[in-house]
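Below you'll find the structures, each written out as structure tokens.
Shared chain: subunit A. Partners: subunit B in the first complex, subunit C in the second.
Our next item is the complex of A and B:
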């Protein structure tokens, strides 16, 4: 079988595949280190039982759903108080309750959010909510 | 499989019955526990409202007193843009002829027409802003407060066109850069591209406190602003309104404003 203009076609194909797979081969072996959200804030260190609103696994996979439920309850229904399954009472507030313990937004929230490729402004919590002051 | 018309109807009927029963099972499942989410100390009302006694405001306050405005704007991180076209205001002053255009005879005492009237969102019972909002970001709470869910506001400004009182402001600029007061770190700011207005201090009511403007007015021993439940005949605001003549802004529009102005007879010459 003869391909007319074969050398041009094959050279073009090779160049195309090379370019199309550029993101893969240029990043081989350069995996970003896994994010390590820091839990060493003074407020957390003082806690006897280091327990968030939900269990760690539930918070990892469902913190966005919890925040969404809190938002709806506070803004639209005027409720402020969340009773956890262990009976503990929390104020439903990102700015005043979550960040009271997690006062290290850049090393807690941003650690994972930037690892998964969300730019700093997404999720856009901090365009309105005021992030806590951080020392460094 | 052979399907006769009779068989088809029978299966269809069974399916319809089944779907109808879904609603019943949902209702039974939904009626489980309803957790209490309000604070014990939270203030509640059937309909929040306000009465402003303008004579007390002018005579009891210090000259040019705007403590209520300063308190409100500091408490809610309201920016000071410094430009009338883009200004953000929750509570401000307006002349009589602008605040009450339909109630202007032209023969009022000249001094009266020069005085500042405090104006804010009227938290109307028939709020036109809430009716036109395409995303339902603006809505009426059960206690009569007209609220904006800033998460849902898309900045279309229909509500601003609908509000006959000019009580809504649009953030043309990033507001954070223009906050001149010390930042209240317990309350959020807004972002560029959303509309904002007075929220009757719903965050303070939820914590058992009266609105910031009312508190500031009381601190000045002025007592011009009275806040309370308009549906409760025993409330302070209802008693005050029952004892004094009051007017509302543009009542002819049928929006049923919740802010009343007490006009006491006096010589302003």
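Our next item is the complex of A and C:
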């Protein structure tokens, strides 16, 4: 089989294969361990029953939903009281409720957010809220 | 009928993934085997297709021209619609690949009362096509965040720009909305315009319905049923590094999305989608119109043995004189021979 205009064809194919296999060759020799969001803040260690507002799995996939619902409820409706499914009462507040336990933004929030490639501005909590001061 | 066939095919794929995960529990098969097979088919099929195209000779210039050819210097010519050299062809190709220029010329012919034939400016196909291709590109690049660690800056920035409207959490991507609108438009267009519907084959409907299903499942995984992204990324990185990363429990909707995407890339080289490679190899676009500027010799002309008239006469002179035919050069006669039909 004769290939006409071989140099263009080969160059094009090499470029195509190079681009298509980018995920393969760009990962060679790179360790990419799973992030471990730290749950060792003093407030969490003092808790008897280590339980967040929702279950762990629900929080993992749905925390953004919960925060969005809280924000709408607080900002638009002025409600501040959230009753969890287990009957516990929470104050709907990022800074006073969530961050009371999870005071370690960089090692909790950012650990996973940067792993899944969210730009720093995307969880746009911190365009209004003040990020906590961390001692490290 | 063609539409129903394609719809059934896509629904069968969805059902395959659903039953494969829910009933048979074939997680490793759907998350490891299928993507590797699909990716191999994609690369090998594309290379095969391009090489097969490249083995067809294109000895003569056959560009479709749509403008004034290069001629006298005082006649205005059209560089992009009638390129005369490789540089102008490059310009034509870049505009074609990036802006779909020939689709921009699309017109609609209609016979109305009179009877009169009307040609109308028809840009919606071009707009829909551009929207589909560019939103698909953005979506494809955004997905690199699952295949790279650390995530490159441009992927992060793209995700940030794409969700900058800050609608809801997780933020709605502009490219997702544009993609869905464009796919729906292109599908509806095929279905409701009678002339377009008449020429639509299963191969036209299937990719559109498949992309629609990919969009729907992708949107479901992100905004509605939601999956654990850490596990998804672990799986994607495991694929890229050829490490089996024991796929854990990820929602079934994710596996449906994955199987549909694998189908799309495996189907790619064997379908109309291969226009992505074909556009670069279109002789009607990638050749300069220099038929009359350069001499083009057919490279596969059969080597025919030719005999000049002088040689012919040399061979048959005696017989020609015997038969009384005129000859250019008498036997043993001096002086210059005058052959007919020979160039000086």
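By definition in this document, the second predicted complex is superposed on the first by the 123 of 136 C-alpha atoms of A that agree within 3 Å, B and C clash if a C-alpha of one lies under 4 Å from a C-alpha of the other, contacts with A are read in each partner's own complex, and residues count from 1 in each chain.
Basically, contacts are C-beta pairs under 8 Å (C-beta built on N, C-alpha and C of every residue); 3 or more make two chains touch, one makes a residue touch a chain.
Everything numeric in this text was worked out from a predicted model, so none of it was measured.
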On subunit A, do subunit B and subunit C fit together or clash when superposed? fit
Spot which of subunit B and subunit C makes contact with more residues of subunit A, would you? C
Which partner does A:116 reach: the first (subunit B), the second (subunit C), both, or neither? second
Could you say whether A:7 touches subunit B, subunit C, both of them, or neither, answering first, second, both or neither? neither
Students often get this wrong, so check: with C-alpha centres, what angle lies at subunit A between subunit B and subunit C, to the nearest 10 degrees? 110
Touching A:64 in the superposition: subunit B (first), subunit C (second), both, neither? second
If you stack the two complexes on chain A, which partner ends up touching A:75: first (subunit B), second (subunit C), both, or neither? first
Just to be sure I read the superposition right, which of the two partners does A:17 touch: subunit B = first, subunit C = second, or both, or neither? second
Tell me the contact category for A:27 with respect to subunit B and subunit C: first, second, both or neither. second
Superposed, subunit B and subunit C have a smallest C-alpha gap in Å of 8
Going by the contact definition given at the top, which residues of subunit A touch subunit B in one complex and subunit C in the other? 124
For the complex, which residues does subunit A have touching subunit C? 1-6, 9, 12-13, 16-17, 20-24, 26-28, 30, 32, 34-35, 57, 60-62, 64-65, 67-68, 112, 114-124
Subunit B-facing residues of subunit A, complex: 71, 73, 75-83, 92, 95-96, 124, 127-130, 132
Looking at the complex, which residues from subunit B come into contact with subunit A? 35-39, 42, 139, 141-143, 147, 149-151, 183, 185-186, 188-191, 202, 206-207
Could you pull out which subunit C residues touch subunit A in their complex? 42-43, 46-47, 50-51, 54-58, 144-151, 155-157, 159-160, 163, 166, 168-171, 226-230, 233-234, 236-237, 239-242, 277, 280
